[in-house]
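For reference, the structure is listed below as structure tokens.
Just so it is clear, A, B, C, D and E label the chains in written order, and each chain counts residues from 1 on its own.
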Amino acid sequence: MKKTVKKTGRSRVASAVFIKDLRIEARSRVVTNQVLPFAGLIMVMFAFALDNDDVLQRVAGGLIWLATIFSLFIIVQRSFAIDTSDSALDSLRVAGIDLSAVFLGKSIALSLQLIALDVVLIAAAFLLYQVQVSVIGLVLLVTCVICATTGLGFVGTLYGGLTAGTNGRETLLPLLLLPVVAPVLIAATRATEAAFGSGGAAISEGWAWVGLLAIFAAVFGVGGSLAFGPLIDE
Amino acid sequence: MTVEKVLEFSDVVIVYDNFPAVAGATFSVNAGEIVLLQGANGAGKTTLLRACAGLLPIARGSANVLGCDLRLDRLAVRSRVGLLGHANGLFQDLTVLENMLFWSRLVGATRNDVDQAMDAMGLSGRLSETQVAKLSAGQRRRCALASLIVRRAQLWLLDEPHAGLDAQGRDELDRTLRAARDAGATVIFASHEIERASALATRSLVVASGTVKPA
Amino acid sequence: MLSQSAPKFSSTGTQATRIVGVLTIVVMTWVVISGLVFTPADVVQGESVRIMYVHVPSAWIAYLAFIVTAIASAFYIFAKRHSLGFDRVAGASAEVGVMFMVITLVTGSLWGRLTWGEFWQWDPRLTTTAFLLVTYIGYLAVRRLDGSIEQRARRSAVIALLAVLEIPLVHFSVVFWRSLHQRATILDPNGDVKMDGLMLFTLFSGVVGFTLVFVWLILHRQRTMLLSDLANQSGLDAAILARQNESVSN
Amino acid sequence: MTVEKVLEFSDVVIVYDNFPAVAGATFSVNAGEIVLLQGANGAGKTTLLRACAGLLPIARGSANVLGCDLRLDRLAVRSRVGLLGHANGLFQDLTVLENMLFWSRLVGATRNDVDQAMDAMGLSGRLSETQVAKLSAGQRRRCALASLIVRRAQLWLLDEPHAGLDAQGRDELDRTLRAARDAGATVIFASHEIERASALATRSLVVASGTVKPA
Amino acid sequence: MKKTVKKTGRSRVASAVFIKDLRIEARSRVVTNQVLPFAGLIMVMFAFALDNDDVLQRVAGGLIWLATIFSLFIIVQRSFAIDTSDSALDSLRVAGIDLSAVFLGKSIALSLQLIALDVVLIAAAFLLYQVQVSVIGLVLLVTCVICATTGLGFVGTLYGGLTAGTNGRETLLPLLLLPVVAPVLIAATRATEAAFGSGGAAISEGWAWVGLLAIFAAVFGVGGSLAFGPLIDE
């Protein structure tokens, strides 16, 4: 039989995966209807548990990113639950398509969902924690959000793929992810604090942290593209 | 034209953590054959089929599929085989059509291919807009078959493809497999419905306790 | 089960809703005028005290709505004949309650901005209010889960009966914890009300007005739910015919 | 002894959010029958079987199983029917024996019953200590059947019970169902393997587009 | 056919379910190998995020219970994932057994796992945060742990059953559970603080909070036993 099907490009695969993931989200509205209130609650609950005004104001930036990271766990888990529930991931493997393209598609879809989430969380922080931001701070903040969520998207997809289909993935995933995303938590928190000017942090300091976030994203972007295929492919 | 070997296994051993599900399988398949694997539950049919698709590591022996040595590189063979396992491999939240379009984009098939495959499997009309989660078991199986058809693989591997299909679906499946063979593909499938399967197959192999014998 | 006859009405308005509607307009007009013009400004809080006429009634009506939800749910669950009418009232009431709770939060934080200088404080009353709101958002999410109408009714009824237990928590939170928020001044257990007579009257007019709004909304909402259930039901007849005539090979 | 009606459905309608999967089914089954439900994919066989087990609400019509009115109380019938669906209902992390013992404790069966059922389904020996997750598809199906056997239900409901079983397993299944019938139980099962199923059944019904007709 | 199978008692069903759940845990070791390190990480991470010795000592109690509650989410989810993955829950329903017994069995198994977790977390608090406890404080602490975990076990099982098998359960469960367990978080935190004597809290205060926990457990124990059956039984 002549090979009639032409090889498909990486970007085509990535975009197909990307569209598929976002379409499933658009249909189930899980992020907007459930993850978002959950993240909001985390912010409220921590604030309440800390129960101390000074501390709170100082850690406002941190709470945004803690909530983001806990949301990351559940979004990643759901994203891969969809793929493994009927062995669709197996089908992807057999189809012999470029798994690094699958990685890119899934990561970008994940990052977009996180960005949407963070926009709301930051808006909430303006209301709840009385933070202020200058124009230049806003530029910093936006860059920070983009770099951080990109990095989180990459690392979440990589580890999600690693644990997908293994027994006990519900619990393994947070365990593996938590230490890895700790740097993102710290860097994004510091950058956000700089943007908010909390504790007298200077905007310029923030850019250094954003640089770190960019490096993190780059490392996991490249590493993930290379490692995702072999990882999924037992 | 000399007979071309599509698959050659010799003394292949495949283990799941220490248990050798396939324990020294030797057989070969020529281009254009439709080979039936029969055998008791737990004999190793699924394991063999998944190994042919490059999904399982070969512990011992030599395995060659479509000219690729599976011990050296299990990835090379992937884009040229199509596998239908016990599971369907569909996205439950997407509709039938969306699933089909997703797979067709991945393998570069046209919209026309998709429509034809869906027609063949009786999935046009109302069903095409239905989410896979809301299909009956047989309808899901049909959808999985349709997405296999658009792949136009050179080697089709099917694990109990008739199970769950109704009479009309079975006939359609047999027609499809024969047509694929006529177009130059090779088919290996496992089945427990011996009469029906033997009628379809050009040759039968018996899998027993992890080894393969001619029927 | 729903009656199988065609819906007896084509709009959600009835004599009763129209009367309630007119009453609502009258009372609310009085509350607006009295709240903005007749009542005096507060000695301490100044003009901002006028927010109270919205803030306090909306909080109480939100409580009322959630309690109605719980009662209707209890009727649904414990009555011998599980009547879906109760389920619809419960759902409608929870939706309206969520709306009032949001109004409470918004007016509260505006008021907070004026009196404390900040929109939000980490205060037990405020926090528990936020939790209550999220609980009922969860309740509404459960109502939207897939499954049969009966399943929806049963699941949400259980949640409603448990969620209502949070209301005392919100109400007494100011007692349990040291709080910035106003202590119970009006519903003071000791019964001594310290408020100007007209202010108090306006406040209670507000409560009456909001209650009327609540009743009006519930009546309509509950009917729209019934209508959509009935529409599904009458769609069912057509669907059954279509299904029976499906060609065998689809 | 007069003929006892085990099941009586009249004009039953069952809907999945607005879609009437069963659209006016009328049929009845007598004690001691083995009834085959045949019909195309998506005809409504699974839906009917699940409804008989009291798992689905009846939207319209009247349904009576083992003397219980399903519209009034779907729970009463539960402890007296046994259902094998498309899924197996096993705990993947437990071994075959542990699964069996779990179910036998729940229904109050003895260890002897368990051993017999496992023997009949060829699950004694090495397999009994194997985790269900590590079984082949057919072995899992056998385990599900074994746990159904220990239930000793009065009404057996089976959804494509032959699918996935090997020749010997099919024979064993047929023997088991006949024995259950001889012991006074009634069997209703759906199948797409018409020849085999018709030989087993004492009567066939055709399910088509949500309605039931005699074959 | 004569009914040869005798009806089984409630306690028998409950114990069968209880043993099944614990046996699966013993085999997969998910709680010990994965949830526990996760909870530990949460505690370390907060310690890190707060980065202030006084505050830390003061909020030690809160951190233990925050970690417990986040672990609760993942344990509940896993517990029901096991039951629904191959429709075993459906089989339980068809078997016509007393679902309130299933509820009890699952709840108690869940509580036991939480207790094991808390013992380790509290031990960690002794090490990490240098808290001290008197004998009478210890009695309070033990009672508090038992009451709190019992309540959490009940409420977790109830809501886990409610969301089991529904679309988007990964995200719905935390959303529903979080506000409900908030009182447990607060009460258990205060009682633990009283036991530790942090911030000069008196032991006697602690018992009031433990009372609240007991009431919570009782409400959800009774409510759950009644509601679980109808909930699972669509």
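By definition in this document, a residue touches a chain if its C-beta (ideal position, glycine included) is under 8 Å from a C-beta of that chain, and two chains touch if they have at least 3 such contacts.
Here the structure is a predicted model, which means the values were calculated and not measured.
Asks: For the pairs C-E and A-B, output the one whose chains share more C-beta pairs in contact.
Replies: A-B
Asks: Farthest chain from chain B, going by the mean of C-alpha atoms per chain?
Replies: C
Asks: Could you give the separation in Å between the centres of chain A and chain C, each centre being the mean of its C-alpha atoms?
Replies: So the centroids are 36 Å from each other.
Asks: Mind checking the centre-to-centre distance between chain C and chain D? Centres are C-alpha means, answer in whole Å.
Replies: The answer is 47 Å.
Asks: Counting only residues that touch at least two other chains, what does the list for chain D look like?
Replies: Residues 19, 40, 42, 57, 93 of chain D each touch two or more of the other chains.
Asks: Enumerate the residues of chain E that touch no fewer than two other chains.
Replies: Only 28, 167, 172, 175, 178-179, 182, 234 qualify.
Asks: Considering chain C alone, which of its residues make contact with at least two other chains?
Replies: 131, 134, 137-138, 141, 146, 148, 150-151, 249-250
Asks: Using the touch definition from the top, list the residues of chain D that touch chain C in their complex.
Replies: Interface residues on chain D, with respect to chain C: 13, 15, 17-21, 23-24, 40, 42, 57, 59, 208-211.
Asks: Touching residues of chain A toward chain E in the complex: what are they?
Replies: 28, 30-31, 34-35, 37-38, 41-42, 45-46, 48-50, 52, 55, 59, 62, 66, 70, 74-75, 77-78, 81, 167-168, 170-172, 174-175, 178-179, 182, 185, 189
Asks: Applying the document's contact rule, which stretches of chain E touch chain C when the two form their complex?
Replies: Touch residues, chain E against chain C: 158, 162, 166-167, 172, 175-176, 178-180, 182-183, 219-220, 223, 227, 230-231, 234.
Asks: Quick check: in the complex, which residue numbers of chain C touch chain A?
Replies: 109, 118-120, 122, 127, 130-131, 134, 137-138, 141, 144
Asks: Show me the residue ranges of chain B that touch chain A in the complex, using the header's touch definition.
Replies: Residue list for chain B touching chain A: 53-55, 57, 74-75, 77-83, 85, 87-94, 98, 102-103, 105-109, 132, 147, 151-152, 154, 183-185.
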